[in-house]
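In what follows, a single structure is set out as structure tokens and then discussed.
Chain nomenclature is as follows: A, B, C, D and E, assigned in order of appearance, with residue numbering initiated at 1 for each chain independently.
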Amino acid sequence: SAQTKETVKIAFIGPMSGGNSAAGIGGRNSAELAVRLRNADPASKYNYQLVPMDDECKPNVGIQVATRVSTDRSIVAGVTHYCSAVAIATVDVYHRFRLPVVVWGAILPAITYGNEHKEIHRVNGSMLDEVRASTSFLTGLGYKKWVIVHDTTDYGNGFLRFFKERIAETNAEIVSSFGVSADQQDFSAELLKIKGIQPQIVVFAGLTPLGVRIRSQMERLGVDIQYAGVSGIMSASYVEALGATAEGTVSVHNGAPAESLPGGRMFVEQYGKAGFTDPAEPYGPYAFVAASLIMDAVEEVGPDREKVRDVLNATKDHESVAGPITFDDHRHHAVASTKYVAQDGHWVRWEDSLYASGQRHLKGQ
Amino acid sequence: MTGNLETKNISAAYGNAQVLNGVSIVARPGAITCILGANGAGKTSLIRAIIGLLPTIDGSVELDGTPLSSLRPHARVAHGVGCVPEGRKLFPKMTVEENLRVGAYLMQDKQLIQKRLTKVYETFPRLAERKQQFAGTMSGGEQAMVSIGRALMSEPRILLIDEPSLGLSPALVRDSFAIIRDINKSGISILLVEQNVRQTLAIADYGYVISQGKVVARGTSEELLNDEEMKRAYFGIQ
Amino acid sequence: MKLTNLTTSFAVAAIGTLLTGVILVAENQWAVIGALLAAAALSIVLARLKIGMVLASVLNESSAWVALLIPLGGVIIGFALHEEDFVLMMLATVLIYGLACVGLTIQFGYAGVINFAGAAFFGIGGYTAALLGEWGIPSLLIIVAGGMVAAAIGCILILPVLRTKGHYAALITIAFGLLFRSFLEVNHTLGGPQGLKVEGASVAGHSLLDGIQLGSFQASFYLNYVLLALGVFTICFILARNLEKSWIGVNFDAVREDPIGASVFGVNVAYWRIMAFVIGNFVIGLAGAIFAMMQNFIAPSNFTFSDSLIMLSIIVLGGLGNLWAILPAAILVVVMPEKLQEIGEFRILVFAVLVVLVLRFRPSGLFPRALRKFRREVAQ
Amino acid sequence: MAILFEYLFNGAVLGIMYALVAVGFTLFFGVLDIIKFSHGDVLTLGAFSGLVSFLALQSLGLDLPVVGLVVVLAAACIVTGAVGALIGQAFIIPMRNASGFNILLMTLMIGTGIREAIRLFYPNGANPKAFPALLPKTPIEIGGVFFRLDSIVLLGLGFGVILLTNWLIRHTKLGLAIRAVAQDGDTAQAMGIPFKTIVLATFALGSALAGIAGVMHGIYYSEINFSVGLLLGVIGFSAAVVGGLGSIWGAIIGGFTFAALQTLWVVVFPDASGYRDVFAFTAIIIAMTIWPTGIIAERYSERV
Amino acid sequence: MSHLFSARDVSVRFGGLQALDKLSLDVDEGTIIGLIGPNGSGKTTFFNALTGLCQTAGGQLLLDGTDITGLEPRHVYSRGVTRTFQRSRLCLSLSVFDNVVIGRQNSLDLNIVSNLLQRGRFNAAVRENHERVRALLATFSEMLAGRIFDPLHSLNMIDRRRIEVCRALVAEPRLLLLDEPSAGMTPDETHEFMDDILKVRSNNPRMSIIIIEHEMDLMRRVAERCIVLNYGRKVADGTFDAVVADPWVQEAYLGTS
């Protein structure tokens, strides 16, 4: 029974207050779900406990909590970070204190590729995966004249850089790019400028709140141009907040629709049963996967940081709700990005949409 | 006649320091009653207690038999208590005219307000020249004029006046005493706090002397004028 | 009299050390809340008995050596908890924020020059450390350089501030804080939004990032930073204390209370405002440099408007102008949110409510500043 | 050319929005001599209460356009007015003798509290919310210049509200009482002004303005989120100060100046659009150096 | 012969208001001048112009023959001019000592290094200043001298007035400007207060004083010469008796006809 089992602690770190808290809370709930399911399983050797921490999406706070969990010897591993800036800031801390972590939401390539720390893993793919998919998808649809609007955090800037690199390899062109700050409310100046430039497509690199504002102001200002976003806008609240205006926005995301994942149906069902008030959000399944990977490793070698790290390092074709997980030499799991389009108030996989079947048309098509 | 103000045994304190110690005074209807006393005796504190700005720990205040003690200051004003506070206390960022209008806050009749305004300007022609000047930029004496004018704007049953002559030129001091007498003649009772003992007693009917928060002497003006103790303390060496 | 002063000071130091230690190590939520309640009760009792004021004046009127009680307490806690990395890191953070608040106290508490860009100057110190760290310059020099650069940039900002007053001056510093942060974010030469890695400090060839090892004694490397921060804090504390008890302190107060009246008595109001601002920013810059070295990493989002507010809340909650109050307030403001992690998403709300309550019921702070008296100087 | 008019028009709508917030700051400052920094978050609260009232109406099946707007505005004003009065009663009146800075810090924290409470207690509050289109969005095109009807209505509404406020403060008895209380509460009482009532009325009034601004913001951007008030509060404050605290015209000038600065930068340097706030705030600092007490300087100066 | 201080055609304007209108006057060393005039006649404005607190719109202010027009207040102070204010301007949260010692600004060592590090020297300076301030306070009231380290807000109005005068006197000025020092005092107190000021002056007979007062008894007693202002213009200048005999003064200022 549970009482006789040894308790093993796993940290969860994400933004649970501030503008990105929806994603953070979704991630926490998903990781919590993984732990609950495992604890309910009589076959498991240990009793797991999730220790959730808030990094506020701020590097200094992130370093503080990372230090806190790393130096707590009763914690064996961590499911860490949604915000890339925080993830980048904390890698050295985990390495210094030898805490193996699995990143569940941050997608800047440098988090895994920028160092040689064996402690850092990532299950949710990287920006590069998205940019690749997105560029070939959009240019394939015939959009050659791009304007990019990006937020000035490392997230938006990172996308801008990779988009520039990829676009240079195609016959398309980025005619202009606009940096906007993450808390900006009004975009009339930028959008009117774009209206003057008349590109074929506006690609937005940033998170949902900003993406929503820009799309709705395009509508108000009569900027009648196709709109595309990166995974940051792909949340339920994007289509909710925009209503009919969201129709036809395209996006690319590392996560496939939960239902379409190998174990997705189970995940959705269990998440609903667990009675969480907040939704899992797209990266929720990855937090679930990260927690599961860690617990699988603990089951295998016991609650020992070093051994858990080695097991994680060697992960290959490990079954999960997001399909088989394989870490490369930088402990990064590449993800085949999925293309989506907003259709009738939902994000629909492009291939399943009325747009792909030609019943509806994107702007400029 | 109305305007009978009585304080019964009022005591008050700032923090731990008791400044009023069972003060009972009566301001008779239609009379000028004055309060004399050295600096820091508690005269201003008494005025503040009557208007309700200084909470009392004991005793009561009545105007024409209506107890005021439980009322907030503005309600006391509504009952007919008017006030020229110590140090003028103008609204510095308001113009002279606006200051005067605040004095008539409780009056509804616009024509009456206009009439009183004209009257104040007649009494203080200097203010008529300066209607739009910010009160805070006026000279010390001009501020005194505004303050008295402001008090004249309401029609109190009893007017509390705290050191109106402070900083006024001799001619203006005389004028202001004359004005106070005129106000009184028009039927308003007056409770006057002053340092200028001679001129005060000349217009007052009755007086109290306060020391250390207690009434130490009382009497008609003549009685006080002839009191040896008073002479020594207030009239200086002649 | 002498003896009671001495015993009082020691008693204060002992209680302070103990409470700090308990709050720092308390893991359990109830222990944290218990410590908070104990501190609240203590502060109410102090207020009721009017002991706060007495204590403040005892500390104020003792000779400079009482300031050494701070490093004494700090070292005791540091060595008692020498293996607790996280606790030591929090302690060092408290000291670093405390140091920045010494700077703010000089500016706002003494001379009345408002600075809503505290975090920006803190950041300037940090970025200086990041840039100079690459060149292998001795760490102590880098720290001083951090202070100097912050002071120099402050010199430019003070010019518009001098022309205005009150809320207008507040806006200038707010605007500077905001533009500093957005500048860092859009400008890529300083690392952009991603921030910069910072070389850790090293003293005499010894990296402070290595743990301490003396025979069988093994301590976290954060103990190094605790000692470094403690050293700098104590020096600045003593100097600031001397500053307050000097003719300059008298001039600062006069400038704050009534600049017009002071100018008629020969006080060079502009000069003292500049001085306070520059000295203050220097100290804030020092703190920023140490912070960057300890964290090994800085990013623009460390230096936002709300971080400036956190620093200001420390000096206001403690008691404006009271140097001694900085440490307890810094503990409250820096450690509490961290200790309240368990209540997760509610902690900012709880923190805001806490600050509002203190301001509402103790408007002059937990430990108001004591009147300056030169009794001791006169008696000697 | 047409695009130039569109810049001007949209800049004006933005300006009026800033001005409306700035007027709130000016009101609290000019009237009560305090900076109430929770203003931006009260605005958010206004927008959210408007949204809730609309959803309530909708669930009752009442979906009439004009009634909707009136109800939403009323709900926003009532909620923010009440919250404003509550803040005044519980925090500002008892702190009457505390320093202005304490009040600033305290209201900042109250604002943080309101913001966090919305995020935590409004269902799914961290995500943006769609705001109903309460005004007809009919597109209008005149000579290639593109407007929407609702933008024009909002512009008019903003001006109307500001002018009404100005009239209320400058030319009514309530306004007189408000200013008297601000300058010397004790003496105002001694002149027969009910102190508490007036303070609470001011808070209700100023906060109701934020409520209106919140609803306007929602209608204009079709979207609200828990942190709209944060930046808007800072910009409104800057606008109020640059214009000249205490002057309603100053608030309007400040609001338009700020909007113009932001727009201008992006138009002139589109490639460096990220620097727009750096530019705007630098310009603010320079403006403060030139006009130390705002563009419309306070006429009153202290006398010695 | 030269005067300690002279004003030549000094004008001050506030918007449309001519607060001082070509005012000229001279003050010799060691004299006490009384400045009287109806309210709003520009007396305080004259002090403000002289101490650099308000801009002049014309004319010259000469101290010892050198032009001090438009100097900053602190430079006027350095040349030996101090004043009191009609409405007291003291720092209520500071001690009596701090409030007074500010008046010695020019003799205080303000070097940062010596203030912060050479504490022994600083302590000696404190002792010296403390002695002076204490002695000065004691001339006014022993009680006040005993409360030298009390906060100012614990003192009553009269003591605060005394402290303001002490702050102006402690600098040992050559020209002392007193703006209605006796306001709010009983005649007795006024009398005593003026005696104290004269006592201080007797130690320093070269000090000149300009005093604004509405109290005629006091003027008669102390002023060697009286100057009367009206609407910013000088309307009479002479001994007290001569000025009081002036019909205009009788009528418009004193109100005796």
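FYI, a residue touches a chain if its C-beta (ideal position, glycine included) is under 8 Å from a C-beta of that chain, and two chains touch if they have at least 3 such contacts.
Worth saying up front: this structure is predicted, and the values here are computed from it rather than measured.
What is the minimum number of touch steps required to go from chain A to chain D?
Between chain A and chain D, the shortest chain-hopping route counts 1.
Chains touching chain B and chain C alike, please list them.
Chains touching both chain B and chain C: D, E.
Could you find the chain whose CA centre sits the greatest distance from that of chain E?
If we average the C-alpha coordinates per chain, A ends up farthest from chain E.
Which one of the chains is farthest from chain B, going by Cα centres?
Measuring from the centre of chain B, the most distant chain centre belongs to A.
Suppose each chain is reduced to the average of its Cα coordinates; what separation in Å results between chain B and chain E?
31
Calculate how many whole Å lie between the centre of chain C and the centre of chain D, each centre taken as the average of the chain's C-alpha atoms.
34
Could you state the distance in Å from the CA-based centre of chain C to that of chain E?
Averaging C-alpha atoms per chain gives centres 43 Å apart.
Send over the residues of chain C in touch with two or more other chains.
Within chain C, the residues that touch at least two other chains are 182, 185-186, 260, 345, 348.
So which bits of chain A are touching at least two other chains?
17, 21, 25, 152, 179, 181, in rising order.
What are the residue numbers in chain E that touch two or more other chains?
Residues 44, 53, 85, 89 of chain E each touch two or more of the other chains.
Quick check: in the complex, which residue numbers of chain D touch chain A?
3, 6-7, 10-11, 13-14, 116, 119, 123-124, 126-130, 137, 139, 146, 148, 151, 217, 220-223, 225, 227-228, 230-232, 262-263, 265-267, 270-274, 276-277
Residue numbers of chain B touching chain E in their complex, please.
38-40, 126, 133, 137-142, 144-145, 163, 166-175, 195, 197, 233-237
Taking the touch rule as given, give the residues of chain E at its contact with chain B in the complex, in rising order.
Residue positions touching the partner: 14, 17, 36-41, 44, 86-87, 156-158, 180, 183-191, 214, 216-217, 252-255.
Give the list of chain D residues in touch with chain C in this complex.
My answer: residues 29, 35, 90-91, 94-95, 97-98, 100-102, 104-106, 108-110, 112-113, 116-117, 120, 234, 237-238, 241-242, 245, 272, 274-275, 277-278, 281-282, 284-286, 288-289, 292-294, 302, 304.
With touch defined as at the start, can you tell me which chain E residues reach chain C in the complex?
My answer: residues 51-53, 72-74, 76-78, 82-83, 85, 89-95, 97-98, 101-103, 105-106, 108-110, 112, 115-117, 119, 122-123, 125-127, 130, 149, 151, 167, 171.
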